[in-house]
Amino acid sequence: MALTDAQLQELAEAKAVRSETRRPTVPALEAMLFEPLPVLDHGFIRVVDYMGDDNAVVQAARVSYGRGTRAANEDRGLIRYLMRHRHSTPFEMCEIKYHVKLPIFVARQWIRHRTANVNEYSARYSIMDREFYLPAPEQLAAQSSDNRQGRGAVLQGEEAARVLSLLRQDAMTNYDHYQEMLNADEAGNILDPSRQGLARELARMNLTLNAYTQWYWKTDLNNLLHFLSLRADSHAQYEIRVYAEAMLRSLEAWVPLVAEAFRDYRLGAVTLSAQMMDVLRRMLAGEAVAQEGSGLSKREWRELMAQLGRDA
Amino acid sequence: MALTDAQLQELAEAKAVRSETRRPTVPALEAMLFEPLPVLDHGFIRVVDYMGDDNAVVQAARVSYGRGTRAANEDRGLIRYLMRHRHSTPFEMCEIKYHVKLPIFVARQWIRHRTANVNEYSARYSIMDREFYLPAPEQLAAQSSDNRQGRGAVLQGEEAARVLSLLRQDAMTNYDHYQEMLNADEAGNILDPSRQGLARELARMNLTLNAYTQWYWKTDLNNLLHFLSLRADSHAQYEIRVYAEAMLRSLEAWVPLVAEAFRDYRLGAVTLSAQMMDVLRRMLAGEAVAQEGSGLSKREWRELMAQLGRDA
Amino acid sequence: MALTDAQLQELAEAKAVRSETRRPTVPALEAMLFEPLPVLDHGFIRVVDYMGDDNAVVQAARVSYGRGTRAANEDRGLIRYLMRHRHSTPFEMCEIKYHVKLPIFVARQWIRHRTANVNEYSARYSIMDREFYLPAPEQLAAQSSDNRQGRGAVLQGEEAARVLSLLRQDAMTNYDHYQEMLNADEAGNILDPSRQGLARELARMNLTLNAYTQWYWKTDLNNLLHFLSLRADSHAQYEIRVYAEAMLRSLEAWVPLVAEAFRDYRLGAVTLSAQMMDVLRRMLAGEAVAQEGSGLSKREWRELMAQLGRDA
Amino acid sequence: MALTDAQLQELAEAKAVRSETRRPTVPALEAMLFEPLPVLDHGFIRVVDYMGDDNAVVQAARVSYGRGTRAANEDRGLIRYLMRHRHSTPFEMCEIKYHVKLPIFVARQWIRHRTANVNEYSARYSIMDREFYLPAPEQLAAQSSDNRQGRGAVLQGEEAARVLSLLRQDAMTNYDHYQEMLNADEAGNILDPSRQGLARELARMNLTLNAYTQWYWKTDLNNLLHFLSLRADSHAQYEIRVYAEAMLRSLEAWVPLVAEAFRDYRLGAVTLSAQMMDVLRRMLAGEAVAQEGSGLSKREWRELMAQLGRDA
């Protein structure tokens, strides 16, 4: 992972500092602060700060005055009720801030979630690191033949080797030329005093989309759940899904009751159309329903049968 | 202030709880947690939770890894630079959550700030308290004669007494009828077992706009500053300005360097149009500029002269 | 409905003006422009302007260059696919602007939808009309006994008459006193030259929450659908649901394919939790599942059985 | 510009279609619909649709009912008043939609403006075009020596030639390898039937940041002005500034009164801090103020003197 010794030292020192607070505090998440969770070959997520806990959701729902006196059992029920009925505003009362290192093409997907605060490392201002993502062999997948947005079988043998070699070689060459154009090395030292060096804001355009960038990303719990429901999903591209999965682990440490309700009512939930519900009712009444008379398209029929664990 | 003994007891107990944290902590703001600041006759603001400090702004601006090692002096310079040049994203990295009790007509202005998270006490679900705002005598102002949105001289004598009496009497009568329609008292006890009682979501419509409501309101520091720049301004209605002023005090406890820069570059700053700048340059060159040849309308001329402390 | 003769005249004139445009145009919606749809006793919605049509959604999904050449049939399939799989960004490419007249307590619910643009009639600046909402007799419902947020049976006889009389009388009295405090009538004429009149921004606090206000409200199609899914729902309060239902009619005129997909996949759809799907699979396999062994709470079990049209 | 003959043909046909509408229509902007404005070497902006005009801003400010009857002169005054005093909500009542073709590194800056709707061409789904940005010789600037975010003198001779050659060669090579990995040409034809081809969502990571992408981008007028105030500014990177300048031309065609007020009160305006205003007042009173006694830092003093057209 791309942290220098100086940075690791700084994190270790920061981690050792303890303060006293009257704010809600979650020991399981405190343990993760200053601890980067590795993702992909050079990336990570790291929880930088947080506000609130399971109880803050409950408290907002009750607009009560203190930390509440109800039994823990009732809190769980209330959180599950809120999640099931999509009462989203109490979940907005918790906030979390991450430091993330990620490939630029992943950052481009991620940034489409607009309801978050972002501070990204600036390649106008600073020199980018020599780091880029190369897929592990088992991730070098062919284009899916039946899904224009998906992956098929893993590439093998010579084709796999060629792909990996092209990705590595092009990223390296482009980075070498990036430095040559800048007339500077990673630390900013001038390479050739007889040259001026291209402006950083221009030289960066030669980098490839698998170059790593990093940012601070801060969001409320409700938007985090929305992000995770889309990006921890099996339809999400693998390279962003692994970030979402690492964030799910921080979610479980932070707000265990919310995380449990989220798994039951969102991640594992299925939305069925009016017509699908009608088919279901007929099936439960003992009718043998076929696609033709179902009111569903072939595609929807397949989707429904898959959800019900039946052959289409 | 409208906190029951039970609530004050609960706050006192919550206040006594201390935890250990690795998060950035601000002792001056910790001291304000669980302490409602009174506003108007029955309202308050209370800081419930916060994330980040002055240093978190600096850290985001640098996308650095730990708590930073630069001199405090450089941090102040960087914060002032960011504020002066409207680099707003680093300020989004801090978050604060308030509990606010406020009259409904103030809540209606406040909610127009959309980039915040809100959980309001629900009058569909619960019975409202018998509390409403009555202006102090020195706030009973006449309509301004030269500003359709402002206040003029304070009402005196009989007219003032009559206004105050009407406001009090109507609020009381409407609240009495609210309870009668609900067929319930504030605690929810049924008044007359022979009646059904109107649904809460309907009965509430009889309340007046000076009835108090309350909410949790959470926002990031950048949006808080935007809110304060509009609502702590002299053009804001007095009844919302006093809330903004109480929040300014929490801002100073929380992020003193940001608060200082905010006062210098935002609250006390003046924006001058291209034409106004041209007038200024001519005046500084010794020219005697008059409104006629200034390129400014009479209204703009008056505004500029007022800013320069000169007679129009 | 609260439009003066002068306003109706102005609308009639505006309606007669036709221009030529190269923009996508929807004749069925054009016919609704400048035509207020009545809602409640004095309210209305009126479509002021719109951008885009069904085809604009398709075009955005394809990021194509013109009006597209695919068969209409394929467009319908694509829109249904986008709706089913919650691909929301293409729906953001259409925009609609309404003029709405509505009671203040409804406006307070409505404004919680933050992703819209709003310009509301200002009671700081102008004098409010003498108009307030009084429920029709069949809407004078008692508090629900099993749902803290809902309505029960309709009030009858003396209780109903008393409620209606209180609502009417209090609204009238408060409005009379509003004018007295302002020292002005609805048209702004001074009532008593010997008095100053209270500032409008203060006098308004005496109005009741059933007073009518009005605003321009503009949103994109995706957010409109989200608003409608919550507010055209049977759990929404009647007084906002009737607005949503009127807007649904404008939706059908505007984007009929989107409206159809919305009814099938959103309004009529049901989201089932992981545990509920498991119960379903067991039932379809012929197992007699009871609440006890279902993994569902009693409440969830009742909800599921209701969805399946079965006795709990 | 990268429009195929088929696309140009489609645009020409679409452009020929006229409809009748009752909506506000702006002939000068209608003339620009379906007409891409070229930007950089292969990019463009094209207005796809719009809602509202100067009058719609006025109408929202008055929450009036029709197209208004005031003199045009009063409308201009009102728009200038709203702009000067940052009353932003009436400007939110107009909306515009662009189709933009732009280099990815520009898209990454642009997307940071979150309050807009975006549909981008998907490289997960489709194959990217062989097009990338190469700066014109006069834009090949060196890194600024006094501004870490800016450009200095233009590179000359051998260094310029070398930079241009590297940029071209790397972009070409990477694109060639992109196709080789995909095992497909731009039209999607398979190159070598014995290979599978890497998934599109993976192959794209080999592209350089100067590759062109395209999107539909839709925003309200208030946010457009905010975007333009930042991106048409001299501190913005040249490659995004030229897009903002092309959009300024569409702004002037669309809402000429708003555009005029925007130039006077925003683009050409200067914000002076409390301390700067104090210095000004002293200078106007005839005092010879120097940096030392001014209360300003050296940097601020230089900024102020530059604004006043004086030597620091």
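Order of writing sets the labels: A, B, C and D. Residues in every chain begin at 1.
As a convention for this text, contacts are C-beta pairs under 8 Å (C-beta built on N, C-alpha and C of every residue); 3 or more make two chains touch, one makes a residue touch a chain.
Which chain is which protein? Per UniProt: A, B, C, D = Flavin-dependent thymidylate synthase.
What you are looking at is a predicted structure, and each value in this text was computed from that prediction instead of being measured.
With contact taken as defined at the outset, chain B and chain C are each touched by A, D. In this structure, the chain pairs A-C and C-D differ in their number of contacting C-beta pairs, and the larger number is found at C-D.
Rounded to a multiple of 5, the Cα-based rotation taking chain A onto chain D is 180 degrees. Measuring from the averaged C-alpha position of chain A to that of chain D gives a distance of 29 Å. Centres computed as Cα averages put chain C at a distance of 35 Å from chain D. Across the assembly, chain D contributes 89, 112, 118, 122 as residues in contact with two or more other chains.
Across the complex, chain D meets chain A through its residues 103-105, 107-108, 111-112, 114-115, 118, 122, 124-125, 133, 135, 139-144, 148-153, 155, 159, 162-163, 166-167, 170-171, 173-174, 177, 180-182, 195-202, 204-210, 237. Chain contact summary for the complex, chain B toward chain A: residues 3, 7, 10-11, 13-15, 17-25, 30, 33-34, 49-52, 56, 59-61, 63, 65-67, 69, 89-90, 92-93, 95, 97, 99, 117-122, 214-216, 218, 220. Of all the residues in chain C, the ones that touch chain A in their complex are 77, 80-81, 84, 89, 112, 263-265, 267-275, 277, 280-281, 283-284, 297, 299-300, 307-310.
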